[in-house]
Amino acid sequence: MARSRTGFWLSVPVYAAVVALCVAPLLILLAYSFFQVSFVAVLKEPTLKNYVRIVGSDTYRWLILKAFGSGLMVAAITAVIGYPVAWFIAKRVVAAKSAFLTLLLVPLYTGDLVRIFAWRMLLGAEGVLNTFLMAFGAIREPIGALLFSSLATHIVLTYNYLPFMVLGLWLAFEALDDRLVEAAADLGAGAVSTFRRVTLPLTVPGLVAGSMMVFVMVVGDYLTPQLVGGASGITIISAINDLFGTAFDWPLGSAIAWTMLAILALAFAGAAIVINRSSLGKALAAGEA
Amino acid sequence: MNFQINRRGLLKTAAAGAAFGALQPFNRAFAATDLVWMTWENLAKDDYLAAFLKGGDVSLTKNFIGTDDEQFAKLRAGGASSVDLITPGLDKVEYYVASDLLQPIDFAKVPNAALLYDTFKKTDLGKKDGKTYGIPFYWGINPIVYRADLMDGEPDWSVFFEGDKYKGKLAMRDYALEGIMIAALYLGIPKDKMFDMDDKELAEVKKALLAQKKLLRTYWNSIGDLTNLFASGEVVCAFSWVPPYYDLSARGLKMGMAKPKAGVIGWCDTIAVPKGVEGEKLDKVFSLVNYLLGPEYGEKLAFGGPYAQGTSAALDKLPDEQKEKIFVKDLSIMDSFVWKKNPARYNDWVALWNEVKAS
Amino acid sequence: MIAADRAKDTSGQENRPLLQGIAVHKDYGGVHAVRGVDFRIAPNSYVTLLGPSGCGKTSLLRMIGGFEALSSGVLELDGQSLAGVPASKRPVNTVFQNYALFPHLSVQENVGFGLAYRRLSKGDMASRVEGALSQVQMTPMAKRRPRQLSGGQQQRVALARAIVNEPRLLLLDEPLSALDRRMRKDMQIELKDLQRRLGMTFLHVTHDQEEAFALSDEIIVMNNGRIEQQASPAEIYRRPASAYVADFIGGANLAPGTILGAVGEAAVIDTPLGRFECPAVAGLRDGDKAVLCIRPELLRLQAGEDGFEVVVTHTVFRGAEWLVEAKASGDITISLIVDDPEPPAVGSAVRLGFDPTRAWIVAASAGG
């Protein structure tokens, strides 16, 4: 008894920190989402008007959809690229493993802006790629759509967040026992079948972890679309930013933020239920994979 | 309960603000003559302020801001008690006054204010009930800047709305207020009606902005970024601030600056004193304000910026060439400026702007 | 040879091996794991590959399983070369060390894994899985996941997963090493039973000679990448082919000496312990360096002038008997078993004798 009570008191600071740093700000945001704003005064009369506005607004609905769409797309692309990379580092590199991982992380050390401007130099109308293609006669006019386009946004987002996908997958591959792959071959499975029945299911936790990291970061990244996305570089996050800053409409900004949180929570809950019902999910939940 | 947040109310309710406030008396007790100025980095260069600080009885802590909105948000969240002087835009002073964050300027302690240009003496902006809360402190215009080597002639606002000669080579600032003002100027909506546009006029503005979006390479967010876009040739013409014109001309590019006849957007920042600054400290703050409107500071700013001061204090010290640069050679030009003002339906403007960008 | 006597190919041909290795060599970038070995494994036999860790037995097993390529040499299964045949196409299955069960699949799904590559109806598949599980008494656990099973149970599932495919050859890689002693004994009996019942050929890698003796029709003793001897357990024990085998199997006392006269299957050897006439490996000649092997249980304490003298250095009580260690002349270490109530005192000199017809002479190996 005495021991468990000590344990309780020792854990109090942890709970307090979680509440103060995570829960409280979100709850304040939630409270604001039900208020209204009149010039610079916040009217603290609970109302659902902000949520009605979001549901009724083509702009906000489209921006939210676009954010989640981009998140899913970049998660998918980084998964396809990152999967073989992670496999290679985990299973084929022996001596230089830490060197490879460091190399992978180097772009992260350079900072967002440096990376974005480097991509501008590469993709711009007078950039490296266009100059190169024109010098070899592959194109006559520079391809403008390489930069300041949705394409550019997704290229840079993929580049930015690929390391997180690779790290997630790399951990999963490190945990994957090579003998399981041998066992599958031993039992008659060819390379494709081994991948489908053994490697893929056992690296799904890494894929899920990597995808969630990439997804959340892509949804939250407004700088990249703003700086390389061109005239269509607006994101729901920069819209929220505008509402909090320029428009001084904290309630509507809070309501959009909470709408996104709620959709995300529902999506994750739905995914959790689906995974729980599948046999794979049961294995994952039991901590076996 | 209809409850308007004022500073004290917020301090009571927001824990973070309360903690902030609780620390304050402690700070003040130990640094009685230290003034905290929340301002833009380019206004608080050491050599601009050297003449004022050499007396030694005042020290200055600079608290740099990134945007006017950020400054307002900081003060609204309870930061007012930690600063002694702020630098809001002339069009934004209204926000601070409505939020009960400022105290009126005591002109008896700011003799240089008598030298304010007429435009600023007459304007309603920055004032409430006959009292001035934000003194116009420095100002300028936001013109069209373009690559003269890559364009055929001097452009006006129409370059952003019609024709496709420069399609994909134009840029517009990502800022609802100015973006919509320019559309209104292009559409010929009179300056005095501009900030009270009705639904029909806003619909026209939206149509024009949608046409504009198709011509744009991008919206720009920082002036450094725009300078970069000009330099790399991604953008040949943009609604801009002045600095890229000087920076790139100095680097040998043939730049142009256009001030369309339909009207140019003028901007002006003020200095304002938060509520709660009092006693001896308030006197020191006003003496700083007086210095900022005076000839030493004005001269430094005219060459260093180059920007014009809100007063004519330094005018005699400037050669004509420099006066030209800061638009004070012929003062009648000020009448063609459209001073930024807070529109009544600003939230609708922001929503409209976002709709255009998201389309 | 026992295994050879029983060797009956499915086609009815006598003496045709199920698996044959000819000059099988494996080298990992200059490290020679397996050095050109030859061997034959008869159908329907239980063969163990016995040797200390690092002797090359696991490398050999992995080459047979198809997980490693041969550096040179040939492996033939049923007379067909296995060169270029991937693991997935070999009629060979493996029970891996630590079992390698698929953690994301149930026991049933693990066992049925390989059947997916056969043209079987769902019903056939289910009944074969059921059959394999009942062979290893794991039917009640069919729905569980590997993590929910004990080590012994996982072992059984691994066995079922392999035998359900009816391989021509079942490879077992140290399958019992992770089990406790008691469980190991039980599993040994079950493995042997299972092999007899199924009429399948088992090739079992182990470093435990007791395990090899308990299970095998034939033992292949490996050392340092080479096969020292392949023979029945009794043959290996009684007539080891080398001093190494004699020592590794049953810890024989080894006395180096010189052959004075070799006559047919016997020879006279001169050692620091004395001069003895004993059975010998074939091919020894007068003057050859050789080693006399005397099993500890052959040695007897004896009175009088016969035998040779040793000084007792250690005594270890083993319940039914004493294990006594002693030094003989020539600095030869001698172990013997004494079943008297009290052992000779440490430090005392005793005389030992043995029946020379049950000792054995081998050639001294080049390496010593």
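For clarity, chains are labelled A, B and C in written order, and residue numbers in each chain start from 1.
In the analysis below, contacts are C-beta pairs under 8 Å (C-beta built on N, C-alpha and C of every residue); 3 or more make two chains touch, one makes a residue touch a chain.
Keep in mind it's a predicted model, so treat the numbers as computed, not measured.
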If every chain is reduced to the average of its C-alpha atoms, which one ends up farthest from chain B?
C
Can you identify the chain nearest the overall CA centroid, using each chain's own CA centroid?
A
For chain B versus chain C, what separation do you get between their C-alpha means, in angstrom?
89
Calculate how many whole Å lie between the centre of chain A and the centre of chain B, each centre taken as the average of the chain's C-alpha atoms.
36
Using mean CA coordinates as chain centres, what's the chain A-chain C distance in Å?
56
What residues on chain C touch chain A, complex-wise?
65-67, 86-89, 92-94, 96, 98, 100-106, 109, 113-114, 116-118, 145-148, 161-162, 165
What residues on chain A touch chain C, complex-wise?
177, 179-180, 182-190, 193, 197-198, 201-202, 279-280, 282-284, 286-289
So, in the complex, the side of chain B touching chain A is made of residues 1-5, 14-15, 67, 69-70, 72-73, 76, 95, 98-99, 168, 174-177, 213-214, 216-219, 221, 225, 228, 232-234, 346-347, 350-351, 353-355, 357-358
Residues of chain A touching chain B in the complex:
24, 28, 37, 39-45, 57-59, 62-63, 66, 117, 120-121, 124-127, 144, 147-148, 226-227, 229-234, 239, 242-249
